[in-house]
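In this document, chain identifiers A, B, C and D correspond to the written order of the chains, with residue numbering beginning at 1 in each.
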Amino acid sequence: MLSFESDYIEGAHERILQRLAETNLEQLSGYGQDLYCQRAKEKIREACECPEAQIFFLVGGTQTNTVAIDAFLKSYEGVVAAKTGHVSTHEAGAIEYHGHKVLELPEHQGKICKKELEVLLKNFWQDENHEHMVFPGMVYISHPTEYGTLYTKAELEELAAICRSYEIPLYMDGARLGYGLMSRDTDVTLPVIAEYCDAFYIGGTKVGVLCGEALVFTKKNMPKHFLAIVKQHGALLAKGRLLGIQFDTLFTDGLYYEISRHAIEMAELLKEGLDRKGYVRYLESPTNQQFVVLENKKYQALQKEVVMGFWEKPDSDHTVVRLAASWATKQEDVERFLELL
Amino acid sequence: MLSFESDYIEGAHERILQRLAETNLEQLSGYGQDLYCQRAKEKIREACECPEAQIFFLVGGTQTNTVAIDAFLKSYEGVVAAKTGHVSTHEAGAIEYHGHKVLELPEHQGKICKKELEVLLKNFWQDENHEHMVFPGMVYISHPTEYGTLYTKAELEELAAICRSYEIPLYMDGARLGYGLMSRDTDVTLPVIAEYCDAFYIGGTKVGVLCGEALVFTKKNMPKHFLAIVKQHGALLAKGRLLGIQFDTLFTDGLYYEISRHAIEMAELLKEGLDRKGYVRYLESPTNQQFVVLENKKYQALQKEVVMGFWEKPDSDHTVVRLAASWATKQEDVERFLELL
Amino acid sequence: MLSFESDYIEGAHERILQRLAETNLEQLSGYGQDLYCQRAKEKIREACECPEAQIFFLVGGTQTNTVAIDAFLKSYEGVVAAKTGHVSTHEAGAIEYHGHKVLELPEHQGKICKKELEVLLKNFWQDENHEHMVFPGMVYISHPTEYGTLYTKAELEELAAICRSYEIPLYMDGARLGYGLMSRDTDVTLPVIAEYCDAFYIGGTKVGVLCGEALVFTKKNMPKHFLAIVKQHGALLAKGRLLGIQFDTLFTDGLYYEISRHAIEMAELLKEGLDRKGYVRYLESPTNQQFVVLENKKYQALQKEVVMGFWEKPDSDHTVVRLAASWATKQEDVERFLELL
Amino acid sequence: MLSFESDYIEGAHERILQRLAETNLEQLSGYGQDLYCQRAKEKIREACECPEAQIFFLVGGTQTNTVAIDAFLKSYEGVVAAKTGHVSTHEAGAIEYHGHKVLELPEHQGKICKKELEVLLKNFWQDENHEHMVFPGMVYISHPTEYGTLYTKAELEELAAICRSYEIPLYMDGARLGYGLMSRDTDVTLPVIAEYCDAFYIGGTKVGVLCGEALVFTKKNMPKHFLAIVKQHGALLAKGRLLGIQFDTLFTDGLYYEISRHAIEMAELLKEGLDRKGYVRYLESPTNQQFVVLENKKYQALQKEVVMGFWEKPDSDHTVVRLAASWATKQEDVERFLELL
């Protein structure tokens, strides 16, 4: 059985497992105070060209979003996000559960648009009754988005400018950041992100580790007593080494980029094959997730041999599926899949 | 440098790492739907002699306590716990942050006493104004306690009887459960716990895995839509396999018991040595944590060669330290430590 | 200066003040246990033709919505409401602050439409990943809506049928309920509401009392220990008599209907005058709130003599204002206003 | 039937009702923006000799405590209070429900002691693991306490000094403040309180108004966007005039002091009578609440003619009752009660 179900169906890159084994019996203090966490942070600071970045390792994406958003916002503030943002739709209401409204903007293939953001912010502050409303306290974007799309450097700069003029942080969910950075069609780099975003996270779970996300605060703006905030959310890992060693390895000898690039190559191979065979892509994604329109009959037939992600039904005869390439995708699997089409 | 700082200073038992490596490239669905999670659950059900047990794997102890307590309690209810309970003292207020009061009982070497529990419950319900107070909605115990002590089977039975008569669940924090089960001085087994407790967790983080706790609901009482509740807390691990594979391994060929027994043997060696050398133990612990009274001078000298856990200062001349043995403690390290005394 | 700013710019109906004075020195127990609360509840049960209704008096509208919604919902559930619902827009995020998402539906002059509701519910339950999403746990409607519009009896019946088939409660925000009941254009009565809604509140603050809303549970479904839940929200009034006496008076000799009818008469007078003078109404409201399109110049001129509620700017030359009639509106004020036009 | 059940069994002082009637048809904006709120604030500033005081009117005591504490604290902070503090015991867990732990200190007739406070704060900050614990973020005292006792000016000064040295606010619950200010045995005045406390509230509900508490921030420290915070708690009263008019009246011509003094006179009369007849007082209270030890037989007999507050059973033969005098207590009722003894 082939599977393009998601980018988290395998374990971890072998170098990660190897480093976990090599360091296994070293005796290290808990809660992120160990040497490997320190090294990983140093390497991430360098990769971001942001020597003052403050970094905290967390276990998963929803957890990272929840803790970061909750730590940034005042109780009367909400987070602005696209209607399709992960925090808006697929986190089981974690943001609201922790007390904050998601203020939704329309989505444009998963992205928010600076004009609509500006209007939302302006309207809020102009409204005489705004103290009866939820204050827009930060802006959330995902990059790549849930649709695999990317912001350009210019777009990030514009969003950042708006956020700064309203004195609210710009936060990027980088669950699949590696696949964005290695896209053939982007001018956005880690230093660019570190410049324009007040905080962001470098996703590990979907890019080669067993679990883990590196939350980066770029402007000396890590909320005070952040460790206590993390602990209070039940999000502080006792054996912080697990995260430190994995990120230390990811950011040694460019492993993060290398494995991300591999996923992009596999996705491009997939795209070329699909195009060649005349399949319609649901939207143009320059990253590792590809969305394809299949006739229902074809979809049913394929399901016997391939696990795909159901996305939606655009009409009664067709189904959109998501095919995710990853650091672990084998070229032969892509080729076999293309043959099956 | 020797270290008895805690029972989570090493990585994972080698069989665990080996299984992670062996299964690494298998393609498995996320969020705990994989084969290994199913197998691990089956083995835990058997170990508990509780075929109807419902099991959910979580990442850490505070997380497990928070999710379980929050899922059990109504908004107007609190959890009864010893003043020294982990939820009362060292979880950064996670219980309160999620909306619930910890109703404290006195502690007796870390344990609660059935009489005081009964008085608390009876007084609450007899108070005419109890609707202005926090309802005692469940009882939390840790086993071993934060002081390494253990409940007897009879004590568990009594606590369970009280809880049942008041129709509230009895919940056990088993962060170090293995070390309790393998104590030389206990009649409490997993089936006993499954009989008397409505829910409990089998701690992995401190007993040989990289991260992970197995939360067990014993009475077909897993809260409805528990996965959504876990997700909402940011506690749902994408690669559930990481937890499934580890617990599957722990409960294969008795590994959990074997490595726990090793820790107990090391702790007993430590106790014998301490006694032989005339050191006063702060309290009598039958598990892996030992609390020793040191003269300050001795304490300072030892710190140059051994990492110990500072516990408290009983008077101005002495210091109580905690020495934790674990699945990974080497006999030669215990012996070297005893020589240093 | 004339004022049609809102329906809460005066104090209370004189009969209310009179009863407060008459009963002032009677010694009564607190927290709603007094005779007047009991009497008021009995009269409301009769008015609703719902002998089993359970009633709780609260102080204000946002408070009532927050407590009721929070008490009905499980932690992983949200409340479905129109995008323009008061809970969605003008309660400073109180619903989210207490942990729940507002799941927004499109609005049709403030109302939700049964088809869109059905689609939302059906889609949620059909989605394979719905445990990663917010569960729709209840439906909120306002009647009259924030635009002064009303549901018909048939519409309420349809919404109720959908809610029942999905086993979620239908809740009505009746902040201005009296003005809905006395509209010349409605077939919805208190017994109709009590039949179709699982809970609703009879607004007092905007209909003649100093403060107070009567929350009615119609299906023996008042959440258990509701007093404790109210107390926990800081919403339990010590001198419950203040609410009991006011509602007892409102529901004696039909005062609630009488004063609501007066507001409707004043609103109709206003509408006739506006139509006669050729003013465009922004929408057709059959209740006490009227929305009128004014040229900006006219608006500015009028503001010197009349306080009106700014609503929005449909284009750069016009302004929509809200004119609210109430139990206290004087006919001579309406006539003076019409002369000013 | 006589009643000394509590100090909120009657309505409001007649001057209050009269002013509500006189101003009833004035058209005033909502949410505390009216003239009477402004006037009341000005008079309270004068009474406190604190021209920069910021004042917000809320409806009840638990509500005021919850909003104030929640607004002051960071998410990882708790409030220090006596074990018997109202926030610790009789607010149905409202503080925890809104996310914060009550860090309990021992009580000394309802008061906290500066030494124990100092130890708690010092120990917290010295603990190496304090980021795993709840930060003490403010100090709550009640004055008079739940036992009717009072702090001295010197004690307030000391508590304030400790709070300042740890940079945390000192907050006073003044539910019965008037009765403290008019005690024959106090050197604490409103200006003293305004000097030493960072915030406090002047209780109205128990001192002559229908409902209402005046929350005073004394150091230009009202939390930003406090109105939004209040709204979010469901605590913003639409007809703010109700609170403004009542407090304006209370602070006109010294009414607050006058009616408080009356309660003290009645309480002193009661004390003298009890002493004369040889009754044992449970503790020495210099304010309006008196606690008396009765033989059970006596208690049962009295209950036929007097409503008293049950307090506790010190042994199987006796009952402690609370007798509350108030602004509305009649001298003849006290005398009749004394005759019944």
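We take it that a contact is a pair of C-beta atoms (placed from the backbone, for glycine too) under 8 Å apart; a residue touches a chain by one contact, two chains touch by 3 or more.
Since we're looking at a predicted model, the values are computed, not measured.
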Minimum number of chain-to-chain contact steps, subunit B to subunit D: 1
Looking only at C-beta pairs that count as contacts, which pair of chains has more of them, A-D or A-C? A-C
Expressed in whole Å, how far the mean CA point of subunit A lies from that of subunit B is 33
Roughly how far is subunit A from subunit D, centre to centre by C-alpha average, rounded to an integer in Å? 50
What whole-Å value do you get for the distance between subunit A and subunit C if each is reduced to the mean of its CA atoms? 42
For subunit D, which residues are shared contacts with two or more other chains? 75-76, 91-93, 97, 99, 131-132, 228-229, 231-232
In the complex, the residues of subunit A that touch subunit C are 75-76, 78, 89-93, 96-102, 104, 128-129, 131-134, 310
Residue ranges of subunit C touching subunit D (in the complex, touch as defined): 1, 3, 5-6, 8-12, 14, 17, 20-21, 23-30, 59-67, 91-94, 97, 205-206, 210-211, 228-229, 231-239, 241-242, 307, 328
Mind pulling up the subunit D residues that touch subunit A in the complex? 70-71, 74-76, 99, 131-132, 135, 224-225, 227-229, 231-232
